[in-house]
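Heads up: the structure comes next, in structure tokens.
Chains: A, B, C and D, in written order; residue numbering restarts at 1 for each.
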């Protein structure tokens, strides 16, 4: 297909040039540095974009205008917020365990960075094509809960502790149904690698060719992803009407900003994974044998497809947040253990049967 | 969430439980979708937005004429007001907001006549209860439609309502 | 010294230092966090050796599961914030001796074992290979151990539920709560 | 369980009650869960509430004592600052009580205007409550949607009374000013908008499964308890206690109007929620009956400039948005009351909180406080 300059082309050009100029070790180091800088840059951009997006979505849902002072239509509002958070004093409470208190936001952000590695952002553009990509993501994301527990305990604040306990119970529980709904796709593709999962959807996204079981898995995945990222209606760890701000009550300034950033980046990551597994990653949208239509779709760069799908899911999660009230802790666990888990287990059986019998397209 | 039998309950109730379970799931999903449709409607219909951009709309913004912003004393073009200095407002005020300082003018007939020297108004004490306006027998004071009262020093909130050199209007007793 | 070696020593440093700190720390919560770093360091070794699957499982089971459970049980214990009492000197000596003995045992094994270098590149297992091995009923298959472990876990789970379940009549009712 | 940093307000009592494993947290006086400066000392067992102790007085301004130094015309403005969400109704009660002592008959026009204002205030208060209630449960959007209708009422108030919250419009003898010429049209517009938009709340709040599960079977207050705690208003009517002052002790011509006293038998948070939703519709019904039938005439009876009440005791109760509000005046015959006492609904309703909250989860406490519709200046005065 007639690709213009794509991300993979650019990365190849850089790679070739580096290989021609330096020896392999230096090439590797420079490429690692470039990747690191790109991830940090992506973090910054994601933080800025997602915060302004959240504020605009909430404003429009709530018949408000939203931020409209800084820059055109308030688009630079989140930059002003960032500057404010940067220059703010980072307080550490007197009774806090200072080492762990300061370590917790770092762990949150490092985990979010690690999760970026296996995501396929565009055609042939992936930092680390690890062959157990899905497993890697669910493994590393389980470390996230540690940072919340650490922050909650080290703050020496009862609200924080309650928030951390809630969050721990919540994340540990919802990992199960998130994992099971991911396994549904893994069964259909027979691979854990993101690259292969995307390539298995070349003739149609799983959500279309997987019938109702995959649709159910998708719904469960979105619910579990919302819960795992601690967002409303599952924001019990923060629950501002009950626990002030939950586990990050005592955090301020840049330390708070790191938690905040990690939350948004995690939202991005779970949505990216959802887009990869169910919506075909960077695969363009094709309809059967409509050649003209498919060619037009192919002409859109793959990175745009990926970002479009991811941001659609992010919007969906934001839409949830501004529509639903929060659950209570026992209802939250009921929902997981009495509804999502049995349904996803039954669904997994259906998917397995479907995969064995080859009922999908 | 459901009030049906527990999952491990009697086998006979198992089928009914399953029906109830599925019903609960569907009604939950339906209620969620109904709510999301409503919020989605507002997300896409920006004409419903009701907020005003306050400091920008100062020119077009109109407060109703009865709005109680602060007490003012209207003067006509000859710098005359209608206040006789009867202290009815001072008495009516629950907070001691108004202080009437009187003096004695000499009328052209050579008689002494009571008049106001200063009508001191403490905006910082005022609760905008409108009692002074109602109490005034000569309609000398009224409520103004201002509301941006913030100043850096509270002494600026103590105001003298009558203009310097103003006189009482003819015919007001 | 290549980059790979540097990474190895860094991981070893992380693992060892946090292991020592986990043992010597007198704050139980911090000890748990140091233990976490030890486990992460070990997962790092697996990644370093390119045994990605085992590394991921290490993180899921030990970091995401066991450490979270440990932290939870610390939260639920009384006086989690207090410093632990200093151990008696006799006990410390005994512990050091025990550690030394087991260290010596491991080292002895390692020295006596003849590591053979193979040129076999097929050590990186695919997921399909792992799955087939796991469910194979042949001689070197793991179907039986797998099932035995599952039954053990099931038994443990049922035991937990039985312990956690309180009979209805011992639950505090409204009246008891009011009297409090 | 935790390093001891608890600030316990009443040490002896709490230490005596504290058992092993108790976890005491303070909610308030500055806390997003409390709609004002209320301090709750909550004893938790895990997430389950063992005891709730409200500590009051953070916004006590000794309004009752202040009123004793103000004349009968002046003291009414202070009562707007108690339950600021039903300030018209508070003013109304005071005016009625003073009129009882003066023994004046107020003109019919003033009566109708007063009832209209009361009912508009009631709707505005319930609208705010509905939004705040949803916000307590974590849903932010309904807050802004209910404020849209509330804003219309505020505009009507601003046009006629000159203020949006503390109007001081109802005075002894009638009302302070005549209604604005636009009043009737604007109220009709409001009624039209309100009836077309109230259904949306069913979609995003009432019908929502999460919301229903958070409300149903939560915060049980039985009929007997509601009576013995002295609960009034929607909090008691949710438990089936018939206590609408407009029905049982009609004042100002409520006896001539067609409206229902709303009763629910659920005894839980959801019943109290539904009471308020349905009460708004009854208020609309009252407004629709009156808005085209405002009699012509004076808006104020002829009264002396200085009011003197004869020696004696006077009591008047009205139904505010939160319950029964009573004014008790002891007069020694002078221009100022000798003693004045307000019976505020919030205080009695708050006393039931501990009873309702025991045994439920921390998250539900917020919902219960929401359904009691506490306004803290009303409790503290």
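Basically, contacts are C-beta pairs under 8 Å (C-beta built on N, C-alpha and C of every residue); 3 or more make two chains touch, one makes a residue touch a chain.
A quick note: this is a predicted structure, and the numbers were derived from the prediction, not measured.
Comparing the centres of all chains, each the average of its CA atoms, the largest separation from subunit D belongs to C.
Interface comparison, B-D against A-B: more C-beta pairs in contact at B-D.
Mean C-alpha positions place subunit B and subunit D at a centre distance of 20 Å.
Separating the centre of subunit B from that of subunit C, both taken as means of CA atoms, is a distance of 65 Å. Separating the centre of subunit A from that of subunit B, both taken as means of CA atoms, is a distance of 46 Å.
Averaging C-alpha coordinates per chain places the centre of subunit C 58 Å away from that of subunit D.
In subunit C, 75, 80-81 are the positions where the chain touches two or more neighbouring chains simultaneously. Contact of a single residue of subunit B with at least two other chains is seen at positions 1, 32, 35, 38-39, 42, 50.
In subunit D, the residues touching two or more other chains are 2-3, 141, 145, 148, 204, 208, 213.
The part of subunit A that touches subunit B in the complex is made up of residues 57, 60-65, 68, 319-320, 322-324, 331, 334-335, 338-339, 342-343. Considering their complex, residues 1, 7, 25, 32, 35-36, 38-40, 42-43, 46, 48-51, 53 of subunit B touch subunit A. Those residues of subunit C whose C-beta lies close enough to touch subunit A in the complex are 2-3, 27, 29-30, 33, 36, 40, 52-53, 55-57, 59-60, 63-65, 67-68, 71-72, 75, 80-81, 124, 126-128. Residues 25, 28-29, 97, 99-100, 103, 130-132, 135-136, 138-140, 142-143, 145-146, 149-150, 153, 156, 161, 164-165, 168, 172, 175, 190-192 of subunit A are the ones that touch subunit C when the two sit in their complex. Across the interface of their complex, subunit A is touched by residues 2-3, 5-6, 23-25, 31-33, 47, 134-141, 143-145, 148, 204-205, 208, 210-211, 213-214, 361-366 of subunit D.
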